[in-house]
Every structure is written in structure tokens, then in C-alpha cells.
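Dropping the structures in below, format is C-alpha cells.
What follows is a pair of complexes built around chain A, which joins chain B in one and chain C in the other.
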Partner chain A sequence: MHEGHHHHLEDFGTGGAEAEPAEMIIDITAVPRTEGDVKVHFSVKDNKVEGAVGPTEAPRIMEKVMVGDHYNEAPIHASKFCGICWVPHFEASAQAVENALGIRPTIQTQLFREVLAQATVLQSNVQHATLLSLPDLLRLPNAFSLATSHPAVFAIVRKLEKLGNDLVKVISGRNVGGVVLTVGGMLAVPNEKEVRDLLARVIDAQKDMATLGEVYGSFLTPDRLLPFAREREYISLSPFDGKNEYPYTRGNYCSSDTGAVPITVENYKSHTNEWFPKASTGKFTKHVRNSVTVGALARMNNNWNHIGPEAQALAKAYGITMPDYRIAMNPPAQVVEAYASMFELEALLETILFHGIKYEALPIVGDLGEKIREGVGIVEAPRGLLIHHYTLQGAYLIHANCVVPTGQNYGSMQDDIIFILPEYIRMGLSKEEIIFRLEKIVRDHDPCSSCAVHFILLLLKILKGK
Partner chain B sequence: MNEDIGNVPRILVLGIGNELCGDDGFGPTVVREFSKRPEARNVSLENGATLGLNLVWLMEDYDVVLVADAVIGIGNAGDIKRIEFEKVECDSTIRLSLHEIGLAQAVDIANHAGWKVPKIIVFGVEPKTTEFGIKVLSEEIARAVSTVAKMIFEEIQKLVL
Partner chain C sequence: MSLPRVHIKTLSGCEGCQDCLEHSDQFVPLLGAINLVECRLLTSPVDTTILPGDIIIFEGAPNTNHHVKELEEIRAVEGVLIIAMGTCAVFGGVQANVADEDLKEVHDGKWGEYNQTLELKAGAPISRYVKVDAEIPGCPIDPEELAFIIAKLLSDGKPREFNHAVCAECHRVGCLLNDKELCLAMITVAGCKGVCPNVSRGCLGCRGFLPKVDIEQFVAMLVEKGFSEKDVRRKLNFYNAHQMKQEEGGNV
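Our next item is the complex of A and B:
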């Protein structure tokens, strides 16, 4: 609960209320309606903007939790990092272990994992775009008021969320932290009837998703979106060579500036460049510019040709252009992705049924001895690119590093604010309006600090010690 | 899910909490303990973990939801309290995020939207520590696990008979 929520914006103008403020301090201690608290602190003096965006929580040192884990335990612990996007954490973790051990999951397992990823995108994107972001467009305080003011929207959201939930539950065995998912494969598989029922529900819900897409589009006017364009570097997965897919569970590391490369243990650090800005408690990343942007809009920019004609048409109806450098278009891009995922889910479930569902024995892992092995797992969580990197000695983890989406996006939020704040001041907007717009910039990135706050103190200690 | 036979209520036993956060793992541990009992076959069991708003869709198929959860404010570490959820009023001026949607908020959103909310009974235990990174329960809280599993069993007997 946000007990200590307060915002204040002080100006120290010398010429009375009407004059341009000589100095302005903006201090938002916890941006509401974001996952985990995000704080924003900026000062403006002589048109120079300085400040930072970062998490407010104490670091959670997630990676430390996994050190000492048997390789089979790491994905189980990773899937408990976050109740909302546990699936991508599981998948990145399992992939890192599998790459370290040279295990390749079967096609059936890969298809089921892709269904789980798409179901998570459906759930998470719809939740954020409607329950967390739509109140910004309608200037409502929260999802409570949305439930009362737009019950029809809420009813569709509920149906889609329940579908996403049931897809995850039937395939993984649980709503959270699926019990049948494991390194290399699945301990149990759903039966044909269960998958047929899910397929029927997906097909039935496609019209609901289309209705939601249409209703959502009616809210997207410039006076509500408040869009501005800042040229930026988008980072996401892109499909492996020769594949025509909008990638969530496999692919190359793709930058809108430098193109796509396969990610390896050797090169991932030079692409993510994690760093710790003095003014923030967050772990940031950068590539060729000062900051990168990840998430739905980044994926769409980098993979426009792979999202499918129906989704492209919806994106165009929303006014999304390619390239689109307006972060305000990220929530609309989330709805477009959720719409596309409904077609993908149909195709994936049909493919699974066509091939027939069978229980497959797990790959046999021999004696691993004491040898050091490393592996990187790279997937798209709904909020953006997610990387897990593990070092194993024999069967046990001796080092773990996770690069999470929001850590990558803090720099983007910060650069957006530095870019637009002088303009907002020049426009003579009220203090309340400036705070609202800056909070909206943060929320448009769909930050989730609960997994972005980690590892920092530990690493700072190590750095200091050196 | 158990079949709806006559007047027998559909019952869900739900554990809430994160097992990586010390005593917050109480709920999931109780559900695991309860699952060993033969009567667990007649009800549905769920580990709600940190489901947030998804709790709403999870609960709507049931008539009664029995929840095991770590609840701050009951008393000393390990103290147990049975709490019947009547009407929950949350501060609707709070600008919620999904991680902040606990049971009370999920129920309140469902009420605002006019959706069916089951009868909810919470079996809470006062936690000692909920610090992230601790994978085991404190001694006092571990002792409460079997007691609460038994209380849930007795509650089900009362509901079914």
C-alpha cells in the first residue's frame, strides 16, 4: 500500500506567481499505478534539467537467492520473483540452464512454452493497458472507478483475463509457478480434450478481444494520449534467420540502431552494459545511446513485418506509425499485441493438436562432475527483454545475473522526462498537470519494480571493495 | 474442481503468499500440508502466491473460499486468527497497482463491478519476518501450519454437513 504517497513540486520563482520559475523541484516519491514503487526526482534550473527515475524499494538481491540452487531448482525460484510475469522468468531461467547443459527441449515443449508466453502477454498487456493505463486517458483515479464508470470494458477484461489464467493453469498445472514445468521438458502434459476446450475458448474470445480493441481505440485522442516523439533505441528479440514469427520465447538480440545478433555468454554483457547511476537506486542498461527502450512498442518497431495483417491494421487504426518514437503509444501497442496473440494462440493450439499430445521423457543429464558451465536465457516478458545468465559448477549455481525489463527502461523514462520537461514548463502548465504528465510517462513504460530492484547493494559493495 | 452436487458448496482452499519471502510462505505451506489429507480430494486447492487481481477470476467459480495467509496485526508471531470476510471497504482513492491488489482489494473491485464474490474465511497467522530471500518459515510460524490445516478441515466438515 502506498502509505507515504505524496507529490510536491516547489518553485522558487523570484518574480511572483506569474513569472517563469527560476528553479523548480519535482519530487514524486512513489508513482501510483505502477508495479512496485517508482520514484521521480528532477530539478530545473536555468532551463537545465537534472534528475533521475528509479525504484524506491530496497534491493531484493534476487540472484543471491538462486546461488547454491540445483539447476532444477533455479527456474522454480525464478518463477517466484513475480506473480504477474512468472512465466517469462521461468522460461528465461530454464533456457539459461538448458543452454549451459546443452539440452534442447522437444518441439512439443517449445510449443507449450510459447502458448504460456502468449497467454501471459494477453493477460499482462490487457491488464496494464486497461486497468492501469486507461485511467490516465480518462483522468480517473484507478481501476475501482473504471469498474463503476465502464462496466462493459471491465466485463471483457475479466473474460480475457480468465482465459489467459486458464490457459496458464491447464498447461502449467498452476496459476502461479506451474508445477509441471521443468528444465528440458514437462513432467505432465494436458490431455487433448483440455486443449480442445482451450482452443474453443480462444476462438470464442477473439471477438471479445476485437470489441475491446475497438472500444479502446475510441479513447485514443491526442488530448488524452499527450504524445511526443523522442528518437530512441529500441531493444527486443527478433526472429532467428528465416523465421517469420513475432518472438517471445526465442530469437536474436535486436537493436533498432545496430540490427540483430545472436546472444551468447560472451557477448550479452557488452549489449546490456548494466550501470548504476549515482542519482538512482536502479540498475540501468545502455547500448549505443544514453538509454534504451524495451517493451511492446520496442517489439513492434523491431518486428513490424512479423505481427500479422490484422494486428497491423489495428495498430494503424490507433495511429501507430513505423517507426513510432512516442512512448504514449506503448499501451496501445500492448493492446495490438494482445489482439495478435489471440490469433497466435489459435494457431499454436491447433498445431499442438495436429501433432497429437504425448508424454515425453525428460532428457537424461549425466554426471556433471565439478565442471564450470555457463548459459544465457533470453525471452520477451510482456514488459520487455528479459535475460538470465547462470554459471554452474557441476549441477549447482555459483553465479546468477538477471537483466530485467524495467531496469532497461529506467534510462528511457529519465531521458523522456529530461526531453519534455522544459517544454511543459515553457507551456506554463500547472504543477498538478506537470506531475500528472510525468507520472504518465513513467506509467506508459509499464514499469514493474518488483523484479527490477535487486542486486544493487551487493554489487555496489563489491565495486567499493575493489 | 469438485462437481456441484445438490447443496454441497464448491470449496476452494487457497494459500496466499510468496515462499521466497520468509513467513509470507505460510499460505502455500498450509495448502501443501492440507493436500496430504484424504479429504483434500473433495475440494480444490490453489497456491494463490502473489496473484493480485487474478484472485478475482480464481475465486468466482466457488461458493466458499478458505484462505491461509500471513496477516500482520493479529498479535505475537505464530498467533492464529479466523477472520470472516464480510464487506470489505478499501480506500478507493488509492491508485492501485496490480501487485498491490491483495485479497481485500480484489474483493472490493469485484464488488464495484457487481460480480459474484464467494464467502471468504481467512485463517491468518502473525508472521515474524517477511524479508525477501528467506526460503524457510520461522519456528513459531512453522508450528502453526498443521494447526491451521486442521482448522480448515474442521471448517469444511461444518460446511458440508
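Our next item is the complex of A and C:
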């Protein structure tokens, strides 16, 4: 365990007899600066920690809403799962349908989908690592105070976010819930001038991203990161055999414990093992251990050799080591990924322009009859691995199951808190400091319960024992 | 003069409208005109206290008793303005299209013990439970329209009303319905700039149906054109299941 710096005891400790309460109950009904409602409830008695992390938002049972959908409507419903991560939901959904029907999108469509995925990583990772997570490192109340205290950083963040947003808007037709994307291809394509303008903006923003990367690095001191290492199982995609790519839109299922396998309709459930805990509105997953961890740090651990030398150098400058079991390094890993995506975006847009952009007719789907077909789609959302599985009868869905990133990460948040809470109590940290650190653990995972159910409110009460 | 206090709250939805707003060119100028006291995505701590005269923007549809209670409590505060943002808040949205037998599964505990306690129901318009001062439909919303409506509300103006069909904003040569693509543009309230039919995607009705439309006649016309009634009704229910249940005389 990474030992917290001793001066925290003096800074935040309550000291004296209060330092070791006989019993402590922590009840956080919703964590701010996260997407969705996450509840944190733990009790500590005689150094024994019991409790849980889970979403409390009302479920939207979208998997049920999708039943009855025509296969063309499923990806539209999927892109309503989460307004922030609608691109990966669309892609997982379209893939599931395409795999069920045996359709393969054209190279051009695959390239545009990869651009959308990378643009979403740029936008989402930058937003989380700076606006949502940086206030933790700087002990600021929120993103707006960041605008006052670090205006240059804030300006770069807005610029990069706008770039990510505009890439999505130009290619998909809208910044949320793109209208041109569909099963098998695209209903309309952007023109070459639009794509050339985007390419010029990507190249121009690379130096902004480098500046952000450098400034962000200066904030990463241990007294701010409060890192601790807990050995864990990382789950992510890994590239298909023989490919050298950092995978977002295609690849094998990869566990840091058991290695990589191609995912199929038959085997995916044995890797996700979804279950409903007592105090949660969303599903949890597990694999070979009690919990798994997904997201940027998981991807980086499983795909270190594929992220490119520039990004590796930045990761090393941030103090990321391989393997890195410190969840506090997840936001820094997000910045590294965003940095890498700026190079990927340049290469992808150049490739698209080199081949020339043309409108391509959608693949023709013949009469599907009443036959039962199944398909699984698997992608990386910025927050981690995402799986959609559908069963179709003819052209219509009769069953849908979706495994979302945050559902996979709740167990990890819970195990991190169970691991570190006794240490925080032993250190004699104050109520406020413990609340802050537990919220930080939740936020470091970049949870988004919208996907799992819907938004997070964290209200923390610590009641001392009698 | 102090700036109006604004809360952004989420019921059951995807937060795409909030995301759209926060990434829009209108957002930063808007922050200069309002005091955003509650927006969990961006602020910590959040000020959830509702004071007289506050503006509360809701996204998402109410689908639990807790949501309904929250709406009623906020409405009871003197002089508050409630804005319903997005299709879910205005019409119930995609989560209104939940079958009774699926809700029963949740009530019976098949979706976990915690969900069983929530008394989950189908999503419904906020206006089904409390009076709403302004409605901004769209999945997702057009942030320009939201900024415009806030400006109008603050200056006692009347928000713009759209009373023509999406067809008026569609530039496509030839109607999608003639190309065997189901499209609800003909009966749907405009204001979206025809973004879906303009790229040959059938309109799904996210801005709601025009008030004087005879939906049954529309269904009959499409069936005559060769579409299956099942397909037509599924499209009508995509965002507007709450209204469709009412049309069928259901007590929702």
C-alpha cells in the first residue's frame, strides 16, 4: 500500500480520542461532479469494513424498451442510453446487428466510426480529467473555479472539447445522437472541404494538447493524487492478432489475469457474470476476482505496447508504471490517451482524404424471414468496455442485453474503498477529509451511471458511534 | 440586480440535453446572465435549496414516486419557473415506451431488490404531474432554443411557438414515404431544421405531434401506402408512447 504522507495527519486529522471511533457510518447518497447518481454506504467497526457502492437512479430498463425494435431502430435507441457516450453505444449496437445479419460496413464507414470513437475519447477524457477530476487535485470546488484560477488551462480544455464535439457533429450530423449513422453504413457523408478543415484544426490543436499535457503533469504530485496500489484485474479490448493498434472499435476481450480471447455470443456471459447487488439499481460484473476494473488505465495496462512512443513518454513523465495498480492514475491515463488520439485523428483523416470521400449505398438486406439470429458488439467507450448483445427474430429484436462500463467498475470502487478505508481511519483523518478521499476514489473511476441506469448525487454523512 | 438562480436537475434520461447545452456556443455567455447554483456534472458542492423565484430546468422524465414528490415540492415554492428540457421531460420520451409486463418484472424483484422498492412506472411528461412554465422539446434539444427561451422568460416575453410540420423544414427532393422509409415529419412539430429527413432518416417525432393531427387517419394513410400497421405504431411509440396510450383511452 502506498503510505499517505504523514503531514496529512496534521493537516486534516482530528487527533486525540476522536481519531479511532469505535464505529463509523458513511452514507453518501450522490457523488457530485460525476455523471449519474452513485451511492456510497460503508460502516466501519473494529477495523472491519462493510458496505457497498452502487447507482441509485431509477432504472430506465432500456434493454426492455428495445425489444420489438426493427434492427435499424436498435442503434437509435442505443444512442439514447447515454448522452455523453452515445457514440460507443451506437457502435456496439450497430456491430451487434451487423454481426447478427452478417453485414460488414465498408472501409470508409469503419474509418469514420474510428474517427468518431477517437473524437469521443478526446472530448470525454479531457472533460473528465480536467473539468471533473482536476478540482480534486487542486482542492477547488468545481470547474468554474478552475476557469478563474487557471484560465489558460480552461481555455485549452474548451478548445479541445469543441474540436471533439465538432468532429462528431460534422461526421455524424449532430453532436448528440448523430443522424447519419445507421446499420451497415452512413446515410450521408461529409464533404472533403469539411474534413480538410477538421484535419487542419486537429493539427493546429496538437500543440494545445501538448501544452495541456505538460501543465497537467505539473499538478501530479503524490500529496494531490493520494495514490494507493491495489492489485486488480484489468479488462479491456486488445487488438486482433497481428494488428498494432490501440483498440477502441474492434478487438478481442482481454483480461490482465487470463489473457485475450475473441468474444462470441456463446462466451461473453462467462466473462461478464452480471448480477444485481442488494443496494443498486444497476448490474455489477465480475470475472476471476471479486471485481474488475475497466477504463483508460485498464486499456493502457493491457495495451501498453500499442499506444505509441510519444504517449508512452508522456505516461512515464506522469509517473505511470506498468503494471500500474493505482486508480488515482486513471485520470492521468485519460490525458495520455487524449494526447495519443490527436495523432490518431490526424492519421485517420488523412487516410480518409487520400482515398476520397464518396457516398456509398447501404448494403442490401434481403428477406430475413422469421429466422432467429444473434450478434454481439464489443467496443471501448471512454469509460471502459461496452458490450451489446441482441437476439433477432427476422428483422425484429426479441432480446437485448447490454454490459456497460460503469456496471463493471462499481465493484472496483467498492473494493478500493474496502481496501483503503481502515488505513484512512488509522491515519486519523477528519470526517471531511475521508469524505473527500472516498468521493475522489469514485470520481477517479470516471463513473457514468446514465448508462447503467441514469445521474449521481452524493450526500455524505458520517455518524460517529456511541 | 442579482442574477437569477438556476438549477439543472435530471430525472430519468440520458443527460444528452445537458451535454448538448454545456458544449454549445451559448453556454459560456449564458453563465454570464445566470447564477448556475446546481448542476451536478460541473459543480461541487451543489446548492439544492430551492428559493422563491429560482429557475429549475429539468431534463429526463419522472418515472418514480420520488421524482413526482420532488416535482410537487419544487412547484410549491413561490414564484419558481419550471422548464422542461428535452423530449423526455416534455413527452416522457423513450422510457415512456415500457410495457406493463416489464414494469411488473421490476416490481416482482427480477431486476434486484433495490429496484423493487422504487415503484417504477412508465416515463411521463413533467406536465402530467405539475404545471410547467416552458417546454423545449427535442432529442436532444437545440441549445439555441433553450437560451432563447430563458431570455424570453426573464424579459416576460412569449416563447416562439412552432405550429407547422417538420416537412416545412425538409429539403429532401422527393418524400421519404415514397421511398418506403417510414417518416413522421408530416405530423410532427417543426423547429429541428428537419435534421433527420434531410439525411433520409425517417422522423421519429421527437418534438411531439401537431395538436390538431388525426393520428388514426395518418396510420390508415400509411397502411394504404403499404407500410405495416405494426411498424407505424412502433414509430409513433418511439418517443410519444405516453400520448399514444392516452389516444387509446388508457388512464396514464
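By definition in this document, the second predicted complex is superposed on the first by the 430 of 466 C-alpha atoms of A that agree within 3 Å, B and C clash if a C-alpha of one lies under 4 Å from a C-alpha of the other, contacts with A are read in each partner's own complex, and residues count from 1 in each chain.
Note that in this section a contact is a pair of C-beta atoms (placed from the backbone, for glycine too) under 8 Å apart; a residue touches a chain by one contact, two chains touch by 3 or more.
No experiment lies behind these values; they were computed from the predicted model shown.
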item: Joint occupancy of chain A by chain B and chain C, clash or fit; value: clash
item: Partner chain(s) touched by A:Pro363 [first = chain B, second = chain C, both, neither]; value: neither
item: Touched partner set for A:Gly308, first chain B, second chain C, both or neither; value: neither
item: Partner chain in contact with A:Gly173 - chain B first, chain C second, else both or neither; value: second
item: Touched partner set for A:Pro151, first chain B, second chain C, both or neither; value: first
item: First, second, both or neither for A:His70, with chain B first and chain C second; value: second
item: Larger contact residue set on chain A - chain B or chain C; value: C
item: First, second, both or neither for A:Leu131, with chain B first and chain C second; value: both
item: Partner chain in contact with A:Ala143 - chain B first, chain C second, else both or neither; value: both
item: Chain B versus chain C as contact partner of A:Gly319, first or second or both or neither; value: neither
item: On chain A, the residue positions that both chain B and chain C contact, one per complex; value: 32-36, 60-62, 64-65, 77, 80-84, 86, 131-132, 135, 141-144, 158, 161-162, 165, 174-177, 450
item: Residue numbers on chain A that touch chain B, as the complex places them; value: 1-2, 32-36, 60-62, 64-65, 77, 80-84, 86, 123, 127-128, 131-132, 135, 141-145, 147-148, 151, 154-155, 158, 161-162, 165, 174-177, 448, 450
item: Of all residues in chain C, those that touch chain A in their complex; value: 10-20, 23, 28, 31, 36, 40-46, 60, 63-64, 66-67, 93-95, 97-99, 102, 105-106, 111-115, 118, 120, 123, 139-140, 195-196, 199-201, 204, 231, 234, 238
item: Residue numbers on chain A that touch chain C, as the complex places them; value: 30, 32-36, 54, 56-62, 64-65, 68-70, 73, 76-77, 80-84, 86, 131-132, 135, 141-144, 158, 161-162, 165, 173-177, 179-180, 182, 187-188, 276-281, 283, 450, 454-457
item: Chain B residues within the chain A interface of the complex; value: 18-20, 46-54, 56-58, 90, 92-100, 108-109, 112-115, 132-133, 135
